[in-house]
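The structures considered in this document are given below.
Both complexes shown next keep subunit A, but they swap its partner, so subunit B is in the first and subunit C is in the second.
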Partner chain A sequence: MPFNSLGYFLFLPVVYLVFYFVGERARWSILLAASLLFYAALNVPYLLVVLVLVAVTTYGFGIWLYQADTPKVKRALLWGGIGANLLILVVMKYLPFLSENMKALSEILSLDARIQPVKIFVAIGVSYYVFQAISYLVDIYLEIEKPERHFGYFALYLAFFPKLLQGPIERAGDLIPQLKNRYEFNYDNMRFGMLLFTWGLFKKVVIADRLGLYVDAVYNDVHAFSGLPLLLATYAYAFQIYMDFSGYTDMALGSARLFNIHLTQNFNSPYLATSVIDFWRRWHISFSRWILDYIFKPLQMQWRDLKNLGTAAALMATFLVSGIWHGASWGFVIWGGAHGLFMACSVFYKPYQKKLHKALGIENTGILKIWQVFVTFNLVSFAWVFFRANSLSDALFILCNMNGTYNSTSIFKQNEYPNIVFVLIAFTFYVLYKKTCIDCVSRLFMFKYRWVFYYVLLIVIIYLKTNSRNFIYFKF
Partner chain B sequence: MVSERLKKIILETLQLEDFDLQDDTTANMVPGWDSLSHVRVIIAIEESYSIRFKTVEVIRLKNVGQLQRLVDVKSG
Partner chain C sequence: MNKFILNILIYVTGFIVFIVIPVSYIPDNKEKRFIYYTKGDENKSKWIYNILTGSQNIDIAFFGASYILQSVNPLIIESELDDKVKVFNFAMPYNGRDLDYVFIKETLKNKSPKIIVLQLRPYEGRTAHPLFYELAEKEDIYTQPFIPALAPIIGLDLFLQRQLKLITPTALLPIEDIKFTKEYQNSKGYKKIDFTMEVGLLEKNRNIIVSPFLPSSVNRLEYYYGQYYLKKIYDLSLTYNVKIIFLYIPNYKDHRLPNNMDKIMKYGSIMFLPEKLVDNPIYRSDNNHLNSLGASELSKYVGCYLRSILVK
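Up next, the complex of A and B:
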C-alpha cells in the first residue's frame, strides 16, 4: 500500500479514528495491527513471516545479551543476533546475486560446479527493519539502551507503518519512548502532519514522477541518444530521486505526526552540500548515521594505527557496504565505491586544499562555496549514473557519450516540454530558497494567506500529477 | 572537570586557538570535531598519555567529561 495510493488515503484516517477512540492501553495494539495489515497489503505473505522472525529473534537476543554475565558471552550473543539478522537479509536479498556471480566465476575458471539459479524474493522493507534490529542489539551491547521487555512495543518499533517500507531508520531510544507516551489530541501536530503529507505527495506525484517520464525515456533507450540529452537526463534523475525519496519521507513523517510521533528528518538540502562528506550529512541522514556509527567508526578505530590510510580504507569499506545495501547488483556496488573513493581521496588532499584556498585568498568566500556546491553536485550526479542505468554497459555508454555531439532525437517529447520547464522552476525554487521541509512547513503556518497556498497545492496535485509510480527506494 | 592538558591536546589537534571545553561539551558542539577528525583526537591523546583505548570504550563516549574520566582511569 504505497503512500500515494487511494488505499492509503482511506487507511490512514480509519487507523487514526480507531486509534483515537480506543482506550490508552489498547493504542499500541491498534498501531501494531495496522502496521501488520499495511505490510500484508503488499500481498506477499512470507514478508509477514520474515518481520515476525526478525522481531522474535532480536527481542530474544536483546534480553539474553543484557542478562549475560561475562563480556565473552555478551560478545557471542551480539554476534549471534547480528548474524541471525544478516542471514535473513542475505537469504531475502542477495542469494540470487551470489549464485549468479558464483556461476559466472565457475564458468571463467572452467570449474564443473552445478550452481542452481535462486528464486528472487520480494524484500520490501526488510533491509530497513533488519538495520533497526542490528542497531537495537549494538546499543544494548554498548549499554546505551536497555532491552524493551514489552514484546508489543518492541514489535511496533520495528513495524510502525509510516516508516516500515522505506525508513527513516529509527533508533530504539528515539522511537520506543514516543510509542509509550500517553496520546493527547494536538491540533498543531494534526495540521502539521497533514500539510507535510500533502507537501510530500506534491513532490512525489508532480515533480519526481514528471521528471521520471523524461529520465525513463532516455535511460531505457540510451543508445538512441548522445550528448546533451544524456547529461540532462542524468541531472533530471538526480532531482527525481531526491524529490521521490524526500517526498516519501515527508509523507512518512506527516503520517507519524498524526499519532504525535516525531520521526527522524532524512534530508537537509543535500544538493547544497559543499563536499561529498557534507552530502552524506544531508542525504538519507538516518541511513548515513547508521553506517557511520555501526560500520565506519569501529573500522576507523580498529585501523587507526594506519593514520589517514586507515580512515580512507574505513570510508571505502563503509560505502561499499552502503552500495550493496541498496541492492544486489554491480551498479550499486560501483555507486557506493565511487562515493567511498571521493571521500577517501579527500582525507589526503583536504589539508592541501585548505592551504590552497588560503593562499588564493578565497577562504570562506561565496564564490568558493558556489564552486564547491557545483563540483559536489556533479560528482554525486556522476555516481547516480551507475545507480540508475539498467546495466553497467549502459552506464559506461552514457558516461562516454555525454559530451558527444547532440543527435537529432528530440530532447523532450513535444507534449512534455512545458511540464519539464514547470518542474525545473518548482525545483529551483524549492532547493535554493528552502531548508528542510520541516522548516518550510513551520514557516508556512505564520503566513497570513496560508489557505491560498493550501488550495493551490491541492489543485496542482490534482491537475499536474502523472500516472502513479512506485517509490524508487521501495526496492531497497 | 576537563584538565588543561587534555584541552590543549584537543584544541591543537583540531587547530583551534581557543574553545571552552566543559564536561558536557559534545564533539558536534566543537568546530571541526567531526567523525573524520575524531580519530586524530583519540590518537593524539593516546600518544600523549601513552595509553591505548579499546574501540568499544571510544564508541561509548558521549562528551568530553566522559573522555576525561576514561583518560584518568587509563593513565592511573
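Up next, the complex of A and C:
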C-alpha cells in the first residue's frame, strides 16, 4: 500500500477515525494493528515474520542489556543483539548477493564449490527496521535510553506505519514518548499534516514521476544514446530521486502529524550543499546521523591515533557500509565508495583549499558558494549514475559516453519537452526557496487566500500526475 | 474537531462545485482523446483511430487484452480466408471489457464489420481498464457501474485529468510514455513475441498461476463488471447486426471451462482451442501467452473456423 495509492487514501482516514474514537488506553493497539495491516497489505512473504522476529529479539536483548551487571556481559549482549539483527538482515536481503559473488569467486579460483543461487526473501523496509533496532540497543548500552518495558509501545516504535518503509529512522528517545502522549485533537496538526501530505504527493506524482519517464527511457536503453541525453538523464535522475524520496518523507511526516507525532525532517535543500560532507548533513538526515553516530564515530575513535588518515579511513568504511545498506549490488557499493572517497579526500585538501580561497580573495563570497554548489551537485550526480544504472557496465558506458557525440535525432521525442520544462520550473522554484518543506507549509498558513493555493495544488496534481510508480527508496 | 469537519466539507463542496462540475462540461474532442493520450506501454488508440477514420474496410475485428494481441496474426487469418476479407487485431494489454466496449462502439460507428471476436479468459476482469477514462465517451463514464469497481471514485481523477487535457493545446500536451523502442506490432495490430519459455519454468509456474475460481458469492460480484459491458456489446451487435464470437485462450495446460460459460453463450458462440495448442510448450512465451509460433498455429486454426462461419 504505497502512500500514493487509493488504498492508502482510504486507509489513513479510517485508521484516524478508529484511533480518534477509541479510548486513550487502546490507541497504541490501534496504531500497531494498523501498522501490521499496512505491511500485510504489501503482500510481501515473510515481511511480518521478520518484523515480529526483530521486535522480539531486540526487545529481549534491550532488557537483558539494561539488567546486565558487568561491562563484559553488557558488551556481549550488545554484540549478541546487533549480531542477531544483522543476521536477520543478511538472511532476508543479502543472501542472493553473497551467493552470487561466492559462486563467481569459486569459478574464478576454479574451486569445486557447488553454490546454488539463493532467492531474496524480503527487501522492502527491512534495512530501516533493523537500523532502528540496532540504534535502540546501542542507546541502551551507552545508557542514553532505558529499555521500553511495554512490548506494545516498543513494537509500535519499530513498526509505526508512516515511517517504516522509507524512514525517517527514528530514535527510541524521540518517538516512544510521543507515542505515549495523551492524544488530543489538534486542528493545526491536522491541517498541517494534510497539507504536508498533499505537498509530498505533488512532489512524487508530478515532479518525480514525470522526470522518471525520461530517466527510464534513457537508462533502460543506454546504448542507444550518447552525449547530451545521457548527461540530461543523469541530472534528471538526481532531481527525480530527491523529489521521490523527499516527497515520500513529506507524506510520512504528514501522516504521522495527524496522530500528533512529529517525525524527523529528513531533507534540507541537499542540492544547495557546498561540499559532499554538507550534502550528507542535508540528505536523508536521519540516516546520515545514524551512520555518523553508530559507525563513523566509533571507527574514528578506534583509529584516532592515525589522525587524518584514520578519519579518512573511517569515512570510507562508513560510506561503503552505507552503499551496502542501500542494496545488495556492486552499483550501490561503488556509489557509497565514491561518496566516501570524496569526503576522505576533502580531509586532506581542506586546509589547502581554505588557504587558496584566502589567497584568491574569494573567501565567503557568493561566487565561491555558487561554484561549490555546482561542483558538489556534479559530484553527487556522478555518483548517482552507479545508483541508478541497471548494471555496472551500463554505468561505465554512461560515464564514458556522457561527453560523446550526440547521436540521436532529437533529445526529446514528440511532446516530451513540456514534461521537462514544467519539471525544471517547478524544481528551480523549489530549490531556490531555501526553506524546508515544513517552513514552506507553516508560512502558507499565514497567507489569507491559502484556499486558492490548495485548489491550485490539487488541480496541478490531477492534471499532471502520471501513471503510478513505486517510490525509489521502497526497495531499501 | 467541528471546525475541522466543517472546513473539510466546505473544501469538498467547493471542489465539486468549482472544479468537478465545470470540468465535466468541457466539450468532447474524439481526435484528441484517441491520438494524444498515449498513456500505457502499448497504447494502440492512435493506430486504431487512424484505421477507423481511414478508407480501409474492416470485416473481422479482434478485441481483448495481451492474450489476443500476441496470439492473433490477422495476416495469417486473411491468407486462410478470401483475400478480400480484411481482418484487424484491436487488442490492447490489460483486461477490460469496458475498453473492448469503447473500441467496438467506435468500430461499429465508423465501419461495418461482419464479425467481432472477443477474447475470453477463464474468468472476467472485475476492474476498469486504466485507459477507459481516457478513451470512453463522457456518457459511458457516467454510466459505469459503481460496484464492485467503485469506478466513479477510483476514476474521478483520471476523468478530470482527461477533461483538462481536452482544452490543452496539443503542442503543450505532455505525453505519459516515451517510446524509444521500435514499432512492436505489424500493420494489422499483431504483436510478435519470438521468445519460448523453458518447459520446467512453465510447469513450475502452473501451480502458482492457476488459482481456483472464487466462491460463488464473490464470483457473482467479480463477474458483474464484465457482464455489464458484455451486455452492452451484445446490444450494440444487435443494433448493427454483427455476429459475436468468443475466442477462449486459457493458460498453459489449463483445461478448465470459462467461468459463467452459460451466461457468456447467450451473447455469442465460443471458439475453443485444440489441446495441442494449449498444452504444447513450444508455443508458449509464458504461461499466459503464446509466442509467434503458437500465434501462427492459432491464427491458422482461427482462420479455418471463421471460414466455416463465413461460408454459412
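The criterion applied here is as follows: the second predicted complex is superposed on the first by the 473 of 476 C-alpha atoms of A that agree within 3 Å, B and C clash if a C-alpha of one lies under 4 Å from a C-alpha of the other, contacts with A are read in each partner's own complex, and residues count from 1 in each chain.
Here, a contact is a pair of C-beta atoms (placed from the backbone, for glycine too) under 8 Å apart; a residue touches a chain by one contact, two chains touch by 3 or more.
Just so you know, these numbers come straight off a predicted model, no measurement behind them.
When the two complexes are overlaid, the chain among subunit B and subunit C that reaches more residues of subunit A is C.
In the superposition on chain A, A:Q132 makes contact with neither subunit B nor subunit C. Contacts of A:I459 after superposition on the shared chain: subunit C is touched, whereas subunit B is not. Using the contact criterion defined above for the overlaid structures, shared-chain residue A:L292 touches subunit B, although it does not reach subunit C.
In the superposition on chain A, contact is made by A:D221 with subunit C only, not with subunit B. Judged by the touch definition given at the top, the superposed model places A:V347 against subunit B, while subunit C stays out of reach. Applying the stated contact rule after C-alpha superposition, one finds that A:N401 touches neither subunit B nor subunit C.
In the superposed pair of complexes, A:I144 makes contact with subunit B only, with no contact to subunit C. Using the contact criterion defined above for the overlaid structures, shared-chain residue A:K307 touches subunit B, although it does not reach subunit C. Considering their complex, residues 6, 185, 187, 190-191, 210, 213-214, 216-218, 221, 224, 413-416, 418-419, 422, 451, 454-455, 458-459, 462-467 of subunit A touch subunit C.
Against subunit A, the residues of subunit C that register as touching in their complex are 1, 3-4, 7, 11, 14-15, 18-19, 36, 38-40, 130, 153-154, 157, 160-161, 164-165, 170-181.
Against subunit B, in their complex, subunit A makes its touches with residues 142-144, 277, 292-293, 296-298, 300-302, 304, 307, 310-311, 347.
Against subunit A, the residues of subunit B that register as touching in their complex are 34-36, 38-39, 42-43, 53, 55-56, 58-60.
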